[in-house]
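Okay, so chain A shows up in both of these, paired with chain B first and chain C after.
Now for the complex of A and B:
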């Protein structure tokens, strides 16, 4: 067990390291000069001495591997560099916006999981009946609607027509609890609906095979109620694959937050990323991409570990 | 010359065997692909012609005989714009499918069969690329492009499509390479290269094809998200995502211009998912029968 854990951690570090290299590689070798961001060309006379000085200061004249070494060395010490545009440390820009994105993502996951479980179980329990068919049809449809389209229709229906929730904007938790809840509902629902479809499908498929197991039959034969058997006996093994898929879907979710934050004008990490992209603030893009990807890798490893703890069969196999 | 035989009866039989939803999906895909390819020859209005300049049409018009699906906020014909917009979505997903299945599929089938150090190296690279959330990696790559032409976007999305196909192909190739018929082929002295092309790859193909349909749907959403953020092919080229983004600014006045491109995108994705599911299930039945 300890050995497996150690191996996983080594692999985690190696992956994060490789991800950082690829991030730096992509953003450095592609066309575009960071100095152009600091002193835009074409506006008046460009002081070539100053440009050369900035290049030297940023270390842009160094060979690629040296630059990567300097960058990753600083990153390990928590220094992601300074934004070319705002001159703020990249790390503080990230940490200022992280709580917003984290709240959005967590609320979206909770919403989708807690809706998907009863829907999937009901669908499997009534397999082939009207309930199952209608749930499956809605799920298949939701699976095909991108989050930003869902978002626009939510804004149209619930904010503009019904006027019950704010269309865009964000109220911080520290300012007002009700305001915060009101501003998180719509963007989180937009993210949750497509995830909900994935999870419901999974729970249904899993439960259908579990319900054919002998121990479910014997639990029923003992006279336990259907509801008790469904949740206590049948759903428990299915929760394992649900955990895995939730973990795997964090990637899609983090990508989704970029679009959803833009649509709902939520000041999170994704919006900052787009801002940095539009101002060609390369060092901020590098920092945020590395940060988001590292989180994604860590969550996936954590999911694997949870899986090992929860399912004794895997623990034995891998040890 | 088996392949010169008229393929239409076989295609008709295949079509007849589909459930209703799959039939509808197939019809939609064929229709939209046909319209996108032959858009220049169809009696369509110029997708970038702004009718209000000459006073012919107004902005955000509803559907009429003159504009079948109405007009957008610059009084351009929406029907014509979704068909020209389909070109972008479909080209990008087509390139992704071709690059993914040809490069990724081949690579995966190869390393799943040969194993060894090459496999370890290829799969490690795949794992690292897949360690990025897709859209975030795409954004990072697109940022630094000087021009965002259809070619550039297709190449980037195509490149990002390779790793998941490699993973799917390798998983299938691993299990197929262990089957008796592969062992038998090796036992009678067939060269490894021939075994790979004659035995392994043909058996990996069906699962790649089923994955390709679902992955193509994913690419349409991905390109749509990129276009929605204004980072796909540059205007004035119409894109579905771009149209949605543009129309949402007038959503207080009218929802219809959002509805049209959203509908086009959702139906296409739904059609690809439905057909993809059907192909996958058919493949499973066949695989089990072997």
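Now for the complex of A and C:
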């Protein structure tokens, strides 16, 4: 068990390093000169001596590998550099925005998972009947609509027409609990609905195959109620692919926050990332992408560990 | 037995039929089955794989899984009709009045739940016991099915137990709430030969000890010998012979029963002795033959057998069979002779194996 965990940790670190390298490589390919961010060209005359000096300070003249080495060396020590635009440490920019995106993502995941489970189970239980058909139709619809369209629709319906929720903006949890809840509902729903559709399908398919298992028949033949058999006997063995896909989808979800945060004017990491790209604030882009990838890899490692909790058979195999 | 009128039978099945609506048309897996089981008795239900035993035992309890299934007839348990009961009503019979033990202990326990939970969950449900009392009872049950260190076993997962151990656990589950009837569907088919006997003996002992009745389903007549009071032989969804066990073994009336008897592995023969496996395959139930379903494989079959469905008839020794030419009659000997000289392959096959087995002896 300890050995497995150790191995996982090594793999996790290796993945994060690989990602950091790729991020650095790709951002270095972006067109535009970071110095332009600091001293915008076209406004009066540029002091070429100053430009050269800044370039030297930022190490932009070094070969690619040296630049990467310097950057990652600092990152390992917790120094992500300073924003070219705001001159603030990148890390504090990230940590200021992170709680917003994290809340959005967590609420979206919880909403989609906790709706998908009963919907998928009901659908499988009533396979081929009216309940199943209606759930499947809604799911099909949600799958074919991208989140930002759902988002626009939600803004239009619930915020502009019904006026029950704010259309855009963000109230921090520390400012007002109800305000915070109100501001998270719409963007989280927009993110959650397409995920909800995927998860519902998954739970349905897995439940249908689990319901064919002999142990489900045995459980029924013991006289246990349908609800008990469905939730206690059939759901847990059917949840493995749900857990995997939820883990994998965190990536898509974090990506989705970029668009959704923009749409709902939510001041999260995604919005910051877009800003940074627009202003060629390369070092911020690198920091945020690395941060998000690390979160993603950590979550997927956690998913592997959750497997072992859910299915005791895996525990034995990997021990 | 036929002199004293017994009070209400524990289980009375009348004209039970089960049909699946398949893409290829209706498939009648159980066809007009009648069966009466008295309290405290064991009924053996025998037939090759695919003959409809599993569907029959599930049909009695409305436990068929598919939604395209239709069951007709009557199943009375202690005089009460089961087939008209709602699912809710059945849930208070399943596991409490009638319990099942299934064929494959490797798959009939939930892999992600601890053994203990699975042993006691329905005890708590049916008998309303608290967690602690139910656990005590669970440990007691595991002990009674001879599981060593029952306390420790409560907290392991099924995959940590051997096949025999798992079947013992399944039996403990079946016994837990004091069921009056146990339906064991091939309880030992998936197990090693040595374990098979232990499990069968355990079932028999527990049944007597708890004054239960049992329907013992198997494809192996050898399993039934000495353990069942009556035997029903099933072929292609119908009962083709019903008799008390002694009579059936001593004087089978139906050629199919005879063939099954010949295919019992015997302890007194060398292990590699070739067993008679019945040549040919059972008929396609979606497309059943016009006459006796066994006729195409039968050594004795005559023209009538191919064309007309034989009715169930009762013989002088009390046994019943559905056969136009019952074994032990002059007509049966004539039919065999006639088929032999005509060179009917099924007849020759049986004859050859019959002579080689007697040489081995």
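We adopt the following convention: the second predicted complex is superposed on the first by the 314 of 319 C-alpha atoms of A that agree within 3 Å, B and C clash if a C-alpha of one lies under 4 Å from a C-alpha of the other, contacts with A are read in each partner's own complex, and residues count from 1 in each chain.
Operating definition for what follows: contacts are C-beta pairs under 8 Å (C-beta built on N, C-alpha and C of every residue); 3 or more make two chains touch, one makes a residue touch a chain.
For clarity, every value in this text was computed on a predicted model and none was experimentally measured.
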Chain A as common anchor, with chain B and chain C clashing or fitting: fit
Dominant toucher of chain A (residue count), chain B or chain C: B
Touching partner for A:25 - first (chain B), second (chain C), both, neither: neither
Chain B versus chain C as contact partner of A:213, first or second or both or neither: second
Centroid geometry (CA): angle chain B/chain A/chain C, rounded to a multiple of 10 degrees: 80
Chain B versus chain C as contact partner of A:64, first or second or both or neither: neither
First, second, both or neither for A:231, with chain B first and chain C second: neither
Chain B versus chain C as contact partner of A:252, first or second or both or neither: first
Partner chain in contact with A:128 - chain B first, chain C second, else both or neither: second
First (chain B), second (chain C), both or neither touched by A:222: second
Superposition-derived minimum Cα distance between chain C and chain B (Å): 16
Interface residues of chain A shared between complexes with chain B and chain C: none
Complex interface listing, chain C residues touching chain A: 61, 63, 65, 67, 87, 90-96, 99-100, 102, 104, 107-113, 121-122, 125-126, 157, 159-160, 170, 173, 177
Chain B residues touching chain A - in the complex, by the definition given at the top: 124, 127-129, 131-137, 139-146, 217, 221, 224-225, 228-229, 231, 241, 244, 248, 251-252, 255, 258, 262, 265-266, 269-270, 273-274
In the complex, chain A residues that touch chain B: 15, 18-19, 22-23, 26-27, 30-32, 140-141, 143-146, 148-149, 152-153, 155-156, 160, 250-252, 254-256, 258-259, 262-263, 273-274, 277, 280, 282, 285, 289, 292-293, 296-297, 300
Chain C partner contacts - residues on chain A that touch it in the complex: 127-128, 212-215, 217-226, 228, 232-233, 236-237, 310-313, 316
